[in-house]
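Listed after this line are the structures, all set down as C-alpha cells.
What follows is chain A paired twice: with chain B in the first complex and chain C in the second.
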Partner chain A sequence: MAEYKWPEPEKRSLIGKRISRVDGPAKVSGKAKYTYDIKRPDMLYGKVLRSPHAHAKIVSIDTSAAEKMPGVKAVKVIQEPGTEIKWAGDEIVAVAAVDEPTAEDAIRAIKVTYEKLPHLVVEEDLSAAGDNAKPAAEQTAGEPEKAFGEAEVIVEGFYGLPVITHCCLESHGSISEWEGDQNLLVHISTQAVSNVANQIGRPLGIPAANVRVKQDHIGGGFGSKFQVDRWDVTAAQLSKMAGGKPVKIMLERDAELMVAGIRPSAYARVKVGAKRDGEIIAWQSESWNTGGSGGGGSPPLPYVFSVPNKHTQHTGIATNTGSARAWRAPNHPQGCLVTMSALEDTAARLEMDPLDFFLKNIELAGRFAEVYREEFAIAADLMEWKKNWHQRGAKTAGPVKRGLGLSLHTWGGGGHGSNCDVIIHPDGSVEVKMGTQDLGTGTRTAIMMVAAETFGLPLEAIKLMIGDNQFPTSGASGGSTTIGGVSASTRRGTLDALEQLFEKVAPSLNVQPADLEAVAGRIRVKSDPRRGLSWKEACMKIGGTAITTRGRNPGPGTLNSSGVGGVQMADVSVDVETGIVRVNKVVAVQDCGLIIDLKTAESQVYGALIMGVCYALYEERIMDARTGRMLNPNMEFYKLAGLGDIGELVVHMMTGKAYDERGVIGLGEPPVISPGAAISNAVANAVGVRVPSLPLTPDRVLAALQYPDREGGSSKNGGNDAGI
Partner chain B sequence: MQRDEKMKEKGSGLSRRTFLKVSGISLSVPVVLGHRTIKVAGAEVEVYGPGKVPIALTVNGAKHTAEVEPRVTLLEALRHELDLTGAKRVCDRATCGACTVIMDGKPVYSCSVLALEAQGKQITTAEGLLRGDRLHPVQQAFIDNDAQQCGFCTPGFVVACKVFLDKNPNPTPEEIQKGLGGNLCRCGTYVGVRAAVAQAANQYPNRKGGGNQSTSKGGR
Partner chain C sequence: MMRLPKFEYRVPREISEAVKMMADAGPDGMFVAGGTDLYPNMKRRQQTPKTVISVTRLQEMRAIRGDAETGIVIGPSISLTDICNHPVINRDYPVVAEAARLISTPLLRNMGTIGGNLLLDTRCNYYDQNYEWRKGINFCMKKDGDICWVAPSSPKCWAVQSADLVPVMVALGARVKLVSTLGERMVTAEGLYNDDGINYLHKRPDELLTEIHLPPRNGMKAVYKKLRRRGAFDFPVLGVAATLDRAEDGTVRDARLILGGVAPAPIRVKEAEGILVGHKLDQERMAAAAEACYLKARPLDNTDFLMNWRKQMARPFVLRALEELR
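The block that comes next holds the complex of A and B.
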C-alpha cells in the first residue's frame, strides 16, 4: 500500500514551482473552444423572449406570427398565461431558427400581454421594504448590554454594498441535441460537468445515464454556473421539437446581467464597544440584504473576530429582481466590508493605528491568529505601513488626499469529492481522466503537475482528459474546493499506479518494489540511483494490459485540509474636489497551504484583487424603482475596471513547512473577500470620513464629504438615479 | 460620442439591426442576391438586402465567400460563417474589446463593423497571428506572464496588444495603461497583460534603444 503524502520539498521537481498553464497556447491563439464557440451540424439558434415587467401576471401569448416565419423551426412557451412573473427578464417564450437574425425576428413577432402588479426592486432603505422584509431570529452571545455599559468608547456606523452581478464574459447557455428520443448530447458552460446529466435528465424525463455532457473551456463562472438553468432545459425541448437538431441558447448580455446571477447586497447599522486601550468587547448589528425573490443568506457578522458579547439581527428582503447565486466567497465580502469598516472606524475614534488595533485583538480571530500576525508583518513591510500611515484625514495640502487601509479574511476551501482514472500503457504513455473542469484557475495544469511529479515525468508526458461526464465524477468547481479535490485524487491514483509499476519492474532489478523511486524519467533504485530503467523500458515490463487505477478524494493520507487566512492593505488617492478614487497599490498576503502551481496561484490572487477593485469602485446593479427594470444591463454602465484602473498590485504567497503540512487548500475565493474593506478603509483614512456604501463612486464620496452623518452616503433612493 | 449615438438609437425604439432592416426599402421585393442601385434625392445609392447577399472577406490572408444578411456583423460572419471563433461576442456594443480584430492595420471592434463594410479590407484575427504552429511574440508573452485565466477575453486582448506594439514599440507604462484600456477582463488578468506587453516590447524588432521595461509582476 502506497504512502499517500506529498513529496518532500527538496524532491519536488514541479510542485510549488511557477509553471505556465498548459492550455495557454490554445487560449492565446483563439483556438480554445468554449460552449459559445461550438457549432454543430445543422445547428439552430435559440432566442428567448423575456418579461419587461418586474412583477406581472401573463394574460395572453400569441406566437402565431413567429411560428409562420420562414426559418423558424420550433416555438416553445416556457411560462403559460396565468403565471405570475417575479422579475424583469424572466423567460416567457423561446424560439429556434436557422440563424440568429431569424430567431431575433421571430422573438419580436411574439405578442404577450401582462397584468402589471406592484413591485419592489430597491432595498437600501429597510423601512420601505414593508411586507417584503423577513426578519430572522435575533442572535445573542455573551452579555452585550452589560458590555456596552462597560465600554469606554462606542462607535456607531452604517455600511453597505449593493447587489452586483457575475458578468461572466461567456454568458450562460448550452447546445442540446437528441440521438433518438432517449439520448441527449449537451455542450454546456458549467462549473459542474459531473452534475449536469442528473439535473437536465429529470425535467426531460430521461435517465442521467442517457445524457452526455461536454465542456472544453468555460469563459467565467464565479459561482453562477453550478446549475442547469431553465433555458438549458428549453434548448433541449426545442431540439426535440425540431427533430433532434442541435439547438443553441446562449444568453444575450442584458439577460446575462439581469437573470444569470447576483451577489446579494448587504446593509448594516453597527455599534462597536471598546476599551480605551483598543480591546473590542461588544458588537451589535442590524443588517439587511436582498438576494432577489428568494433569500440571499446573511453575512457573517462580526466577521472573523469573535467579539465576546454580541447581538445581531438580519433581515432578508424579497425583491422583484433576478435571483442570487453563489458569488465568489458567498457572503464573506459583505461580512468583511461591514465588520472591517466598523472596526477601522473604532480604531480611528481611538486614534489608534488600525494595524495595532487589529493585532491587539487578533486572538479573537481564533485558529488563524498566528497566521494573520505573520501575514500582517509581511504586508506592513511591503506597504511600508508604519512609514506611510497617518491619523485619519490628516491634513495634507491640495485636493488629492492619500490614505491606507487594511482588512483580513478567512475561507474553508477543503477538497471536494473527486475521482480519476490513471492509466499507464505498456508503451509508456500515461492518461489521466477526470470529470472535472478548468475555470481558468489552472486545474488542468495542476492535475498534470501532480501526475508528472509522481511519475518523475515531464508535464507533456501526461495526457489529461477532463470536461466530459464519461470520465470519473469529480465535484463542482465552487467554494475553492477544486484544487484540494483534484490534486488529492490524482496523487492517490498516480501513487497506486506507480506502486503497481514498481511491482512489475522490481524483479528485473533484483530489488523490492519499495526500494524503487521514479525520478527524472527513470525508475531507479533509491540506494543506488545508477541502477534503473528508463520510464519506457520500465513500462515494457507491464505486459499486455495497461495498469489502471482509480484515484479518489477523500481517501487515505493527509493531502489536503480546510481553512486559510489572508490579509490585505490598500493605498488610495482621493480627489476631494471631484470625488474620484484612485487605487495606488494593494498588497495581498495569502495562505493556502501547499501550493501546487505558484504561477497560476498568484494569478488567482491578482485576479481577485482586480475583481475587488471592480466592486469597491465601480460595480453596481442599478434598478429603476419606477419601472422595476435594471438600468445598466450592459457593459457601458455596468462598470468593470480596466487595465489602467488597478494601480500596483503586490501578491505574497505564504509558503514553507508549516503551510506545506496542511496539504493543499483552495484559493479562488479568499483573496476576493478583503479588497472592498481595505479600499474603503483607505478612503476613510484619506478623506477623514467614512463613505458608507460601495462602490466608492464620485457621487458617494462627495456626498459623504458634504453630509458625513447621512446614512448610505449616496444620492438618496439607493442609487436609483445614479450613474445614468 | 459613440455612446450617445447608441443611446439615441435605443431611445428611438430601433436597434441597429431593425433599423438596417426597415431602411432596406425593398421589404416587398423577394430575396435578391447582390445589391441594387436606386436613386435617392438625385444620388445613386446601393441597396443591399433584406435577404442574404454574397460577401467576400479576406481574413488571415485567405479569401472567403459567404452569403449573409446585410445586418450581419463582421464578428458574426467570422464566427458563424468562417468558424473563426477567437474573436468573442461579449458586450456586443463596442465596449469590452473581446471581439477585437485587425482591419487594414487598425484594431476594430468587430461587433460594430458590418460584414459588408469589411469587404476589401485585410482582416487579421488572433488565429492569424500564428505562423504555422509558432506563436507570435505577444502570444508567447501572454503565456509566459500568465496574462489569461478563463481566456475568453484573451484573443481580443492579444490582438489589441499586437496592434498597440506595432504602433508603440517603446511603450511607457502610462502608454500601456491608456493604449490597452479598451479591453475588459472579468477574471482580472491585467497584471499579466501589462507584463506581457513589456516582455513582447523588448522583443519587437523595430524597438528603439535598450529594454528598461520592468517585467516584474505587479509593476505599474
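The block that comes next holds the complex of A and C.
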C-alpha cells in the first residue's frame, strides 16, 4: 500500500510555491460563468414579493390581477394568510414570467394586507430589549470574586460591534428546471454542491438521486450559502407549475442585504483584573447580541486567553430582522474584538506595551503559545513596533495622531469529508473529479497542484472537474475545512493511482514497483534516475482500461490537522478634530500548517484584511427604529471600503518544518478575526481613549473623545428621534 | 427592483429644438444630461417622466469660453472628467476642477455633467430607496406620500442639497442662463436654490440650463472641502466652499463662505463673511467665522453619520478652508 504523506520539502516541485490560480484568466476575461450569468433556453424569471413590515400578520393575499397578466406563467403563495412575519423582506409570494419587467409588474399587482405588530429592530441598548432578551445561564470558572479581590488593577469597559451582512457580490439564487416530473436540474450559487440535492429534494418530494446540481463559479458566500433557501425551493415549484421551464430567481441587492445572512452583533460590559506586573487573573463579562428573530450564538469570552478565574453571562436578543448565518469565522471576530480591546485597555492602564503584556500572558493561550510568540516577533519586526509604539495618546503636534494596535486569534480548520475519482488514461491524460466547489479561494488550483505534484506532471496535465453533484461527494466549503479535505483526498487518490501505474511499469524496467518514482514527467528508477520512461510511454503499459481510484478523506496517513494561530498589527492615523481614521498599514502573520499554494494562501489573508478594514471602519447594517426597515439595503449606503481606503497590507505566512509537520490546515477564516480588534486598539493608542464600538466612524471617534465615559450611545442605529 | 420604466427618448441638436420639445412634452417631460442622477431616480420611481430629452448633443452647450480676466462661460453638458482636465479651468478656476475631482467615481464623472450636478435632485435616506421600500413605509412627502419621516411635525421636506459644485458656484458668484420657449433669463447661482427639499430650484421644469458664467477672478482665491465616509464614491455630508479676496496689505476685501450638504439649499453664512471683511485674517477671526458657520449649519438625520457630528464638523472644516486660503 502506498505511504500516505506529503513529499519532503526538497522533493516538492509545486507544493509551497506561489502558483497563480488556474481560473484567473477565465475570471478576468469574463468567460467564467457564475450562476447569475446562466441563461437556459425558454427561461422564466422569478421575482419575490417581500414583506414591507418588520413584524406583522398576513391578513389577505390577492394574486388575481397578477395571474391574469400576459406573460405571467406561475404565481406561488409562499406564506399563507394568518402567518406571522418576523422581519421585513421575508418572502410572501413569488411569480415567474417571461421576462424581468413582466415579473416585476406582476409582483406590483399583487395585493397583500397585513396587520402590523410592534417590532424591535435595534439591540445596542440591552435595557430596551424587554421580553425579547433571552439570558443564557451564567458560567463561572475558578474563583472570580476572590481573584478580583486580589487584583491590583481592575479595568472596566464597554465594547461592541454591530450586525453586518455577508454582502456577497453575487447574490443568492438558483435556476431550476424539470425533466418530466421526477428529475430536477439546478444551477445554484452554493458553498456545498454535494449537499444541495438532499436539501431541495426533500421539500419537493423527489429523491435526492433525481436532482442534478451544477455550479462553476461563485461570487462569494462567506458562510451564507450552505443551505438551499426557500426561494430556491420556490423556483423549482414555479418551474413545475410552468411545465418544467427553467425558472431563475436571483436575489435583488436589497433582499441580499436584508434576508440572506448577517453576522450577529456583540456588545459587552467587561471587567478585567490583573496584577501590577501584568498578569491577568480575572475576567467578568456581561454580553448580548442579536442574530435576528432566533437570536445568535454567543461569542467566546474571553477569547484565546483562558483566564483562570472568570464569570460570563450572555443574553441573546430576538429582533425583527433577517436571520444570522455563519459569517467567516462565526463568533470569533466578536469574541476577539471584545477580549483584545479589554486586554489592551488593561495594558494601557498598567502603562505597559501591549506587546509585552500579551507575551507575558501568552501561556494562557494554550496550545499555540509558542506559535504566537514566534509570530509576534516577526510582526513586530515588520511593523517596527518597538520603534513606533508609544504610550496611549500620541503627544505629537497637530490634529493627526498616529497609533499602533495588535491582536491575535485562533481557528480550527481541519479537513472535511471529501471523495474524488482519479483516472489515468492509457494515453497519459489524467482526470480528477470531485463534487466540491471553488469559492474563489483557489480550490481548483490546489487540487490540481496536489495531483500534478504526485504524478510529477505540470499543472496543465491535470483535467479537473468540480462543481457537479455527479462527481464523488465532497464537503461544504465552510469552517476553513476545504483545503484540508480536498488536498488529502486528492493526495490519497493520486498516490493509489500512481502505485497502480508503477505496478504496470515495473516489469518493463525490471524493478519492483516500490523502486519507482514519478518526477519531472518521467517514471524512473529511484536508484538510477537515468532509467525510466516518459509519462506517456509509462501509461501505454496500462492496457485497454484506464486506472481509476477513489481518493478519500478521512483516510490513512496524517495529511491534515486542525488548529492555527495568527497575530495582526495595525498602524492608523486619526484626525482628532474630525474623528476621521485612516489605516496606514496592517501586518498579518499567519500559520496554517503545510501550505499548498503560497500565492492563494496569501490572497486569502489579503482578502480577509480588506474585509477586516471594511468592518472596522465602514460597514454596519443600519436599522430604522421607527419604520423597522433597514436604512441601507443597497451598495450606496451599505459602505464597503474602496481601494484607496485600505492602506498598506503586509502578509507573512509561517512556513518551515514545524509547520509542515502539522499537515494542511484551513485558512479562509482565521485572518478575518483580528483586524477589527487590531485597528480599534490602534485608534485607542492614537487618540488616548477607547472608541467603544465598531465601525470606527468619525462621529463615533469624536463622541468617544468628547464623552470618554459614555457607553456606546454613539450609534446611528435607531434613526432620528430628534424632530425639529 | 431597479429597472427603468418605459419612456420616450428624444435627442435634439439645437437649443431651440430642445425647448420646443419640452414645451410639447409638458409636465411629463424632463431633460437629461449624463443621466447619473435621473436614471437611478427613474429606476427607483422617484422621478417618472414620460419623455426624456437629452441635452448631450447640443453642441452649443459643450464649450468653454473666456479666461480669468474676462470671466468664463461653461457649457453645462461638459462631463465632469473634462472639467477636471480642462486647462483653462485648472489654471484660472482650479477650485472648480478640485471639487469636480471629489465627485463620486471616475466612471460616474465620465458620464455626469457639470450642469446635471448643479441641478441634482436633493437627497434623503427615506427617499433614495427603491419603490418597494418606500411603498413599505407609505412613502414620504417628497414623492407619493404625505409625511416626513425625518421630521414628522414639519410641513417642509428637508432632503439635502448634495452636489459638490453647488456651494462652489455660489461662492464664486456664478450666474446661469435658463432658456425656455417663453424666453431666456440669467439667475445668480445663489438665487437658483430654494430651501425646500421638494421645490429645491427657483427654476421652472421647462427651463433649460444653457450656460454657466463665472465672473472675472480679480485675485480672488477659493477652496472647497468635502466630508464623506470613504475616499471616493460618497456624496458630501458637508461641503465648505470659501472664497477670499484680499488687498495688498492682507485686509479682506471680500469673502464668501458657503455650506453644502447640510440643508435643502446651500447656506451662505453672511455673518461669517461679515466677521472677515475689512480685517486681516488672524486665528481669532477665523475661529469666529467658523463658529458662525457652525451655528448656521442645520443638518437633520437623513444622510450618513450622526447629524450632531455633521454640524460640529462645520467648525474644523471652515477653519481648515480659511487656513488654506491664508
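Quick note on the criterion: the second predicted complex is superposed on the first by the 712 of 724 C-alpha atoms of A that agree within 3 Å, B and C clash if a C-alpha of one lies under 4 Å from a C-alpha of the other, contacts with A are read in each partner's own complex, and residues count from 1 in each chain.
Everything that follows uses one rule, which is that contacts are C-beta pairs under 8 Å (C-beta built on N, C-alpha and C of every residue); 3 or more make two chains touch, one makes a residue touch a chain.
None of the values given here were measured: they were computed from a predicted structure.
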Does the superposition put A:138 against chain B (first), chain C (second), both, or neither? neither
Quick one: is A:636 in contact with chain B, with chain C, with both, or with neither? Answer first, second, both or neither. both
Determine, under the contact definition given at the top, whether A:23 touches first (chain B), second (chain C), both, or neither. first
For A:47, using the defined touch cut-off, is the partner it touches chain B, chain C, both, or neither? Pick first, second, both or neither. second
Between chain B (first) and chain C (second), which does A:101 come into contact with in this model arrangement: first, second, both, or neither? both
Report for A:644: first if it touches chain B alone, second if chain C alone, otherwise both or neither. both
Identify the partner contact of A:528: answer first if only chain B is touched, second if only chain C is, both if each is, neither if none is. neither
Decide which partner touches more residues of chain A, taking chain B and chain C as the two options. B
Please work out whether A:88 is in contact with chain B alone, chain C alone, both, or neither, and reply first, second, both or neither. second
Regarding the shared-chain residue A:252, is it in contact with chain B (first), chain C (second), both, or neither? both
On chain A, the footprints of chain B and chain C overlap at residues 100-101, 104, 108, 252-253, 634, 636, 641-642, 644
Chain C contact footprint on chain A (complex, rising order): 47, 50, 52-53, 88, 100-101, 104, 107-108, 252-254, 399, 577-579, 618, 626-627, 629, 631-634, 636-637, 639, 641-642, 644-645, 697-699, 702-703, 714, 716, 719-720, 722-724
Which part of chain B faces chain A closely enough to touch in the complex? 3, 6, 17-18, 69, 71-72, 76, 79-80, 83-93, 95-96, 98, 125-127, 129-130, 135, 139-140, 142-144, 146, 148-155, 158, 176-178, 180-194, 217-220
Sort out for me which residues of chain A touch chain B in the complex. 20-21, 23-34, 36-37, 39, 99-101, 104, 108, 167-171, 217-220, 222, 252-253, 439-441, 599-600, 602-604, 606-611, 614, 634-636, 640-644, 646-651
Help me check something: in the complex, which residues belonging to chain C touch chain A? 1-3, 125-126, 128-133, 135-137, 149-154, 227, 229-234, 300-302, 304-310, 312-313, 316-317
